[in-house]
Structure formats: structure tokens, C-alpha cells
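Notes to accompany the following structure.
Labels A, B, C and D are assigned to the chains in the order they are written; within every chain, residues are numbered from 1.
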Amino acid sequence: MVEQIRKNFSSDNVVPACPAVMSALVAANADAAPAYGGDAWTARLDTVVADIFERPVKVFPVATGTAANALALAAIAPPYGAILCDDSAHIVQSECGAPDFFTGGARLVSIPSEDGRMAPDALSYMLDRLPADNVQNPLPTALSLTQATEWGTVYPPARIAELAQLAHARGMAVHMDGARLANAIAHLGCSPAEATWKAGIDVLSLGMTKTGAMAAEAVIFFNPALAEQFARRRKRAGHVWSKQRFLSAQILACLEDDLWLNNARQANAMAQRLASGLFRHPGARLLYATEANEIFVALPHRAITHLRAAGFTFHDWHTPPGVDGTVIRLVTSYYTRIADVDALLETLAAV
Amino acid sequence: MVEQIRKNFSSDNVVPACPAVMSALVAANADAAPAYGGDAWTARLDTVVADIFERPVKVFPVATGTAANALALAAIAPPYGAILCDDSAHIVQSECGAPDFFTGGARLVSIPSEDGRMAPDALSYMLDRLPADNVQNPLPTALSLTQATEWGTVYPPARIAELAQLAHARGMAVHMDGARLANAIAHLGCSPAEATWKAGIDVLSLGMTKTGAMAAEAVIFFNPALAEQFARRRKRAGHVWSKQRFLSAQILACLEDDLWLNNARQANAMAQRLASGLFRHPGARLLYATEANEIFVALPHRAITHLRAAGFTFHDWHTPPGVDGTVIRLVTSYYTRIADVDALLETLAAV
Amino acid sequence: MVEQIRKNFSSDNVVPACPAVMSALVAANADAAPAYGGDAWTARLDTVVADIFERPVKVFPVATGTAANALALAAIAPPYGAILCDDSAHIVQSECGAPDFFTGGARLVSIPSEDGRMAPDALSYMLDRLPADNVQNPLPTALSLTQATEWGTVYPPARIAELAQLAHARGMAVHMDGARLANAIAHLGCSPAEATWKAGIDVLSLGMTKTGAMAAEAVIFFNPALAEQFARRRKRAGHVWSKQRFLSAQILACLEDDLWLNNARQANAMAQRLASGLFRHPGARLLYATEANEIFVALPHRAITHLRAAGFTFHDWHTPPGVDGTVIRLVTSYYTRIADVDALLETLAAV
Amino acid sequence: MVEQIRKNFSSDNVVPACPAVMSALVAANADAAPAYGGDAWTARLDTVVADIFERPVKVFPVATGTAANALALAAIAPPYGAILCDDSAHIVQSECGAPDFFTGGARLVSIPSEDGRMAPDALSYMLDRLPADNVQNPLPTALSLTQATEWGTVYPPARIAELAQLAHARGMAVHMDGARLANAIAHLGCSPAEATWKAGIDVLSLGMTKTGAMAAEAVIFFNPALAEQFARRRKRAGHVWSKQRFLSAQILACLEDDLWLNNARQANAMAQRLASGLFRHPGARLLYATEANEIFVALPHRAITHLRAAGFTFHDWHTPPGVDGTVIRLVTSYYTRIADVDALLETLAAV
């Protein structure tokens, strides 16, 4: 079994929860606690997160990233609104229309990019195509940015700020899908505040599951006015746990002593090591800069077969026209060790 | 602390998760596992549930009862549909419009009852008011019954069957909100099959959280045709866990060796003991028969103050016009012990 | 044919459009006009309505009463909101869930009344059951009142004011379904302003179809802030006509020289004459006061058969338990003449 | 005034309704008629349309094209569905999210094309990206094709058939936005049947407003099974007129004696004449083949100013990168005369 996990590069959500998270769950199970968020763990969330982000916040725990994103977007996009985002965004590609559902039919307007990072020019161009005074188009009310991006790249905060400024100038609110924000911060070496609200983010889906939790994400409002009635939206979406302490305890455990960031640093370092090795491999072609914990690499079919035969697991990805070989995705996590990476690279070298 | 839980009668969701559930979570955390339900725990769900319910089923785990109910109803009620239910139903009173949201605006049509158990006559009458050929009214497509009811009473399966027959005759599907089905089965002494599909239930929200889980409910389709595309609805509602093994493991732990039913038996027995004591107390008036683990009792204001001063916790409930005193709700759980009940009764006797 | 219409008491929407409306349509058809409401007719709407209602307004024409109601409610009720209304309201009984659809799943909370007029006590009681700080219930955000009511009675403006005050105290907005507001004003002898915003109405669905138009209703915002983005909601509901002049021209024609009110006066007078005659008829029992143009009367089965045999048309209505005979609804319109009413009464007398 | 209409090339919905339509409205106004579609005009619709399309059909009149499209799509696309369409489609570009709203959040997946006509290869590619067994993407359930296209081109029926076949192979239903189907049929010289169901169309939005009606479109189901409960969807969208005869009478008038097609022929002929003239004009560049009644032409800024100064009206259009000058749209209608076209061309020649 342990053999298996060492060779599993399919995702950062196939690994176990951190020991610290499991201990926190056990500790939270000792006694009775008020239901529906009236518990002591939930009571601490706002303060703990405010400390880390250096600003008053409103925090709402939920169990999945899709819930966090879709609920956050519903708070800032009315049914007649448009949500602008990168074409690669999880909300477009992987959530089966959750934002469309939660908003009551707002339109996702996706903007193509080279590497998952939206270009300010492209955003400007699209905003010009969606004038506020033409009722034939939905009203742009939300910008959603993914950090780290779906292609494993990371926005510099200055780019975020530039995009957010364009959005704010149109009266829009800015959401960050931070399923892998920990990895982005680990890469940037900046503070959580610099990565988010100081760059113009109004509401954040902060992922904990990929960085160590069992199932926990936090919707964080930097602009508390936007959080009004969010509690009702969350309730009516079935995303309030009766025993909510078990959600909040996970988040607290991840945030304590920078566990979330340390875990992300480990994942990133392993991705760096892996990318360096692949870069030196003839026949391998890395599609994007490796800045977080995801690698998209084109490999000859023979190499892929060989890796799989040796027990390694990973996902095939969509291979764009014009790319030789087949694209696979390799994901590292807090659980990945140097020996795991090296084993893969050695197996590949033996092809 | 432990003192506290012994005096807590506010709800069956204020207590810890069962030791067996916590052990199962720890065990599921040992190694990597495929994400999004591709894991070994989820793979066993259909079979395990089919064994218990003596029939092939499709099982979908989710974290909350509201999610289970609203998703199940969306599978059987189109946006132009009507969902008939008892006026006391959780889906009407306590879910902030979740069914309205998940169905895209189907109408909850609530039918008054004496004690939470819908009367066949009342259902017939309402169905007559909603003819299929009058497009001015929504089309009745779903009947939702709560077992045990919100007032702590239990439907005899024959009554369920009678109601289900009326619904089926109109082409409707029948849903059971089984947040406390374990308590109902414990009371009835019937089999899970007799309590559900043999009485005409098509889809069941089976609650595990109130009977021992941390956060886990199962949507169970007895009619697999209704389950088609349910997976997509669940995804787009943000109710698919990436690390789904942790949901499925809880459910398996609860079902193993009848833990869910044994827990419910303990809760029911404690409720019986409490109800008997209250019945003998002058000034106390039980509003409904105590058949599950909830007691609604009217007490003089002085008695309530005295109990609270002694450290007992419970919720005030809506006091209907014409009832003397104030109505409180007392809930027992698998965690409640004889000494806990007796302590409350003795404190009350001392008023 | 003309024989037929003289004996038709089924509804005020079975009669032809007024000659003035038809002339207005023909006149509007003379030349090109900008599409989508950029025309000269639409340009006049706000001013003309403002003059009549003695206050600046925002006016949006649509073709049906259901559209007017549902769009207006969507402007004031978020998806997590509750809309309080009388149990007899058209939005509850006859629009197949249009408000549920347009709001994205807001909950209609209906309050029973004697005669279609909501009692302030009943509203207070229900508001107490829906506290703002309990996320388990939807948030009361809209009150909808029907004037004249569905039972042909009329609210005194003071009663409207009392109800509106209760709603405003909770931060709710107040909608009036004025499908038959003309009849109510004709009965009250008050000004349009007194019947609406002076009594606390924020947004009005003003019916023109029942009082003479072909297909035209106006959504009128007395509080222009609520109208923001209403144009987008109307567009995305498919309720913007490309040749909108033909909607606006109808409304202008109805409003000119008090045609809408004069038509309503004629309808009311005919209803009064009919009600007086029925009152004197042994065996007939009027269920409600006749204050507008609808009469609900219980008649012996034999009398009903006789009327139908003589060529009269009208609808059977739901006969409440405890009422002798069968309830029918008789509706008069601007088209009804004294001879038409007398013919029905004479036929009835002959039974 | 009449001067004005002669120089108005902005749209085919700025012109008056046909005399035949106005006469039909006046004729329909002679007497009482049952409400909500129980009238004699509506009763004839199915038969008249079936005759024209050579097949049994279910016909539902509505007042706007957006309503027709969005309601038709809601009948074939569940909330978790994807609707595939050309990137230029009216449902994507000009309806403010109506399909998103009516379907409860289905996703519009738009496919780029050269000239508004979707390529089968492009459809295949996109279908491959949306596998049925991956719940992360919405399920492709509807294909929507626009005939004539938004760029004034016309699909050959064989191309429609090829696209429909790909869709049907995936179990999808095929919708045609036929706002200008009359113009397409006039161009193709085929039968209405050949242009639609014989090529695989399941449900059609048939536009009458642009070809002569005041405000009338018909949703036509060639597959009657898809029409089940459509009446309820239409009702709850507020698109059932109480005096529905006035909708149906317009449609009957347009269909009688091929008026709709004759009107379209006139519009097309005028567009041909105009396009030929523009083609010979140095500095003018036609962007697409002129096959219906819309022309998109790039002109030097000076020419455009000159035309406007001379009283001609038309809309600027989005000018794609790389096109010299400014793109304008010129639309002809049944009302356009040879002299009108020649006047514009002469004015242009004088620049």
C-alpha cells in the first residue's frame, strides 16, 4: 500500500489528510458542542484568519472547493451578471456548471490566455464588449482569478492588482479561486495579505484540502459588506454542517504554525525537482513554467507506457494540436518525498 | 466538560461522532486513494446498502441532510413541479428554501397534520386541487414524507404505503426524509426494506449524522432510473468530496454490525424513560406520542428556568396558541445514559 | 356571435380590446420606429404615468400580468427571500410558480384570510415566525398585496398602509398586484396615488388587459432605486418586444382620458347590479362583498344547469366545505351592459 | 415620416406590421373568445402549421424571439446540460442570458466559425471535450443552430443534417433559431419541411415578427414528446396571453398564402440588390456572402458619415481586428423598395 502512494502523482487530493488535521478532528470529538457553527472552533475562525491576513474578515467554512467558489460567486454575481475568468479556470472546466447554478444563471465569460494567467489587455477588450448600458449582454459584475493557475503557473501580485483595478473601475468585485493559494504564496514568498486583498481581491476561496485537510475550504470576505446573507446562501445550498466544529477544526489545524504553507513549500520543492529532471530528459517537453505543484509535460507514448507499467499513476491531459507525444499531468503534494521524485525520474531515464 | 454533555438535551447533533466512526476515518487515512469517489470505500457502498435494504440500490454520500433532501427532490421534481409534504417538514421549516433552490423553483405544497403524520385524506384533497391539466398550478411530481417525523412520531409502514399509493397513482415519485429513519426503524421493529421501498419509497435521504457519524448522509435510490444524472447534480451543487473515501467510510462504519440501529435504540430508550418521567410530572404536558428520540413538552416557566439554572440545555420551541406554559424540545441521542435522564427528572421534581 | 358575448360572464379577459386601443395600434403602425423601446410611445410612458400617479416613476411595459408580477417580485426578493402574500393571491394560485422561477427560488409564504384581505395581525404573526437572524428560514423581503383582491373585495388604503408599515419596519419592499387596480380605485373613489404609493406601495403591477387592452401591463416603480437592472431582468425573461411601441401605445390609450377607470366603473356598476339581483334571489348566497367586478355566488345545482342551458357561460369555482350548492364565479367587464345583467337575472328568476 | 422609413436600414424590426396582420387583429377583436388559448384561432394553429411543414406538430405562440428560444431550449436542456451553438448565435450574444435563466443554469458552449455556420468538425471536436461519463463537464443535451445565421448567411440543409446527426448520435436534441427562417427558405427555394425536420430539427423557434407580425413567434415541436409540460414552462414564464387569440391570429395571417415567405423574398431581393451595388463600390468590403436580408460591410469612415448626414440610419457593428474602415450592418425588410436601395447606393456613390 505505502508503495502505492509513493508512486501516485495523479493529484494532490489522493493523499491522506495531515496528521495534525486528524489529531484536531479527534480532539474536537471529545465533548458536546453547539450545532450549526455555534461551537468554539468556528468562533475562533474570524480572528485566526484575520491575524494571518492582517485585516478583519468574515470566514465561512465549507467542505469542497466547488462549493466555496460557487457560493462566493453567487454573493457577487446576480443572475443577470457576467463572471469573467480565464478559459482554463476550474469554475469553467471542472465544476459542471456550479457557478451557473448557484448564481441562478449568470454567464461565465472565459478569456483565453497563454498559460492560465489572464492578460489585462484581454480583460479590457472583453469588458468593452460587455457595455453596462446594453441590456442584450449580461452585466459584468465579477472577475474570478485562479491562484496558482490551473496550469501550475503563478500570477505576480502586480498582475492581479492590474486586473483587479480594471474590474473595480467597472464596479465589479474580484474573486480568487485559491484552491492552491498556499502553493502560490510559497512560490512568491509574499504575505497572504499581499497575495490577496492588497492586490484587490474582495473574496477568496481558500483551499485547505489540497494542502492537508480532509475536506475543508474557507470562503473569506475581505469586504464584509459582500458577506451579508452569505450565511443564508450557504444554508440553502446544504453546505452548513450540523457538527460544524469538524470543518472549522480542520481549517484551524492547517493554519496553525503555517502548516498550510509549509506543506505547500514541500509540494512545490518536489515539483521543482521533478520539473528539473524532466527538463533534462530528451523527449520530454514541459508546457508551462513550473511555479506551483503541477506539471504538464508532453512525453512519447512509449515513455508513458513504461512509467505506468512500473506502477506510477497520473492523468492523461488534453493534448493540444501541434504538440508531439501525449500530455500528462504530474502533481506533487506535501506527502511527496525526494525519493519518490527520483524514482520516477530514474524509471523514465531507463526508457 | 463531560459534565456538560451529560446535561445537553438540545439536539442529536451536538454530541461527538461515534468511536467507530472516528476509527474508520483514521483507518481510511492510511494511504493514497483515488479522488472523487473512485476509492475502495465508495465502491462498497452500493453492495453494503443493498444487503441491508434487500434490493439493488444506487447510493450517493453527501455531508448534510439538507443536501441529501434537496438533491433527492431535484431528481424527482422539475422546476414546474409541486412537492407535497407535511407542514412540519424539515424541507419546509428548516432548510431556508434548499428544495426551492435545487429544483429551480418547484413549489413546496405543505399539508397540515395533527402530529407530523400526513393524513391520506388530506393528501387526496390537495391532489384534487392540483389537476395535471390545469397549467395554472404546478404539477404534483413528488411526495416527501419524514420518518421519524419532526414531532418525534413514527409513521406505521401501512400509512406510508397508503400515501405512496395515492402519489404513484398520479405518477409522482415518493421521497423519504430519513434523517431519523434509524429511530423510526428502532421503534417499529421492522426491517429497513419494510420501512422504505416495500412501503413505496422511491428515494431515501438516510441520515447518519444524528445517529453517530461526523457528517455523512446517504441518498439511496430504490428506483435506479431516477438516479440518472444525479451524479452531475451532486457535482454541480459542490457536494462531491475530492477525498470522498472519508464520507463513505463514515457511512460504512455506521452501517456495520447495525451500529446505526443500535445507536437509535439507545436514543429511543432514553427518550421513553424521559417521556415516562415527564408524563408523571404534574404541570408537564407532552404534546405528541414519544416514538423516536424527540420530546416536545409544555412546562411552566418556573420549571424551565430551574432546569436551565441547573445546567441543562435544550431549545425553546414555538408554543402553539392555547397551550399553557412554554414548549421545549428535549432530544436524546446514542450518547445519553440512564443517569443523564434521571438527573434531569430529579431536577424537575425538585421544582 | 354578439349574442354570445352578451351572455359571457367567465372573465374580464374574454372580451375584445377597447376600440381606443385598436385605434392606437393602427396609428402606431404608420411608420418605422426604433426597436426595443427606443420609440416615441415608450418615451412618453414615464411622464404620463407620473402625471397620473403624481410622482416620478419608472415604467416598464410587458404583455402579461404574470410577467409583471414575477418580474416585479424578482426585483425585490432575492433567491433566499420570502414573499408574504394572501393565500388567495394570483401569484400563489394561478401562475404555476412564476415568482418561484423568476426569483430563483424565493419562497411564497401565504397567509390565510377571510375574504382575500390580509389581516395585519396575521402578517405580524408570520413575520415573527421568520426571524432575520435564523438562517433556517428564508428572509422576509417582500410583501405582495392584491388590489382588488381575488375574491372581488377591495382593501381600504388605510389597511394597505398598516400592512406596508409592518413590512417596511422589517426592511421589506411592498408590491401590489394591480391586475384589477382600476376596479379598486373606481370603488374607492380615491386617487391612484392614494391607492398605491401614498399607502406604502413600492412597486405596482398595473393591469391594463382586463380593463381594455389587448395584452399590456405596466410595472411601475415608485421607488426608482428598486428599478435598477430591471431592464436586464425583463430582457433575459424574453419580455422585451422588439416592436415595443405596440405595447406602450396600448397603455397610453388606456390611460388617456381615464379610459381605464371609466371602463372599470362600468364593470363595477354591472357587478353591483348583478350582485343586488342575486342577493334577492332565494337560494343564491354571495360569498363575499361585491366591491369590484367579480362575484362568487353559491347556487343550487339546478339553477346553474338552467343558466348554462340558456347560453350563459361562467366558471365553476372551488366550493369550500360547508357551503350549500355549487360556487360559480361571475365576472363583468367594461363590455357588459344593463340588458346583459338583467337577462341573466331573469333567466335565474325563471328557475 | 414616410421619408424616414425609406432610409431606415437599421433592422427588420423597425418597420410596421403587415396590413394583413393588422386586419387579422381587428377581425379577431369582434367578439368574446375563451381566454388562455381556448380560442378558435389557437385551435387552428397545429393544423395550419402541420400542413405547411407536412407533419404533425405542436405549436405554441409567444410574443418574442428570446422567449421562443429560451423556452424551447429549456424543454431540451436540463440544468446540468450543455447547449452547443455557434459563437455568433443570438442566444449567446443578444439575449442577456435568457437560455441560462430559463434552463436553470445550463451552459452555452459556443463554437467559433468563419461565417456563422458551424462546421461539423468543430462540433465533433467540442463533443469529444464533453464526455458523458465525466461529471466535471455539463452533459451535451442540445444543439442550437441559427437559420439564417446572424451574419446573413444560410446553411444548406445538408450541412444542418450533418450537424444534427452528430448531435443525435450523442442523444442530443436539435433546436433551430428560425428568427429569419423565412429568409433562409426564400434563399434556398426548399420546402419548410426540408429546411427543418427533414434535416433533423426537433424543435423550431419560428420568427414572424421580422417577416411581418407585430409581435409573434411560434415554438414548433416536430417531436411532440419534447413538448410535454411545455405549456407549464410557458405559463410560469409569463408567456401565456390571457387574450391569446391576438397572438395566434398574427401567426395565421403571416402563414396564409405564404405571406411570410413572400415578405422574406422581397427582403432578400432588396438585400441582393444592395449587396451588388456595394460590391461594385470601391472602398466597400462585404464581410460575408449575402444570402438573407442582412449585410455586414466595411466602409470608410467618410462614407458612413455621408450616409448618415443624408438621413440614412443603420447600426455600427463590431469591427474585427484587421478590417479596414468601420463595419456597419444594413438590414432590408418586406417594406424595402427598389427605390430605397438605389437611393442609398446613389448617395454612397456621391461620396
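One rule holds in what follows: a contact is a pair of C-beta atoms (placed from the backbone, for glycine too) under 8 Å apart; a residue touches a chain by one contact, two chains touch by 3 or more.
Everything numeric here is computed off the predicted structure, so don't read it as measured data.
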Lowest number of touching-chain links that must be crossed from chain A to chain D: 1
Relative to chain A, chain with the most remote C-alpha centre: C
Interface with more contacting C-beta pairs, comparing A-C to A-B: A-B
Computed distance of Cα centres, chain B from chain A, in Å: 34
Whole-Å gap separating chain B and chain C, where each centre is the average of the chain's CA atoms: 42
Separation of chain A from chain C, taking each centre as the mean of its C-alpha atoms, in whole Å: 51
Sites on chain B at which at least two other chains make contact: 79-80, 95-97, 100-101, 104-105, 135-136, 138, 232, 235-236, 240
Residues of chain B that touch chain C when the two form their complex: 79-80, 93-97, 100-101, 103-108, 129, 135-138, 318
Residue ranges of chain A in contact with chain B within the complex: 1-2, 4-5, 8, 10-11, 13-17, 22, 25-26, 29-35, 62-71, 95-98, 100-102, 209-210, 214-215, 232, 235-243, 246-247, 335
Complex contact set, residues of chain B against chain D: 78-80, 104-105, 135-136, 138-139, 229, 231-236, 240
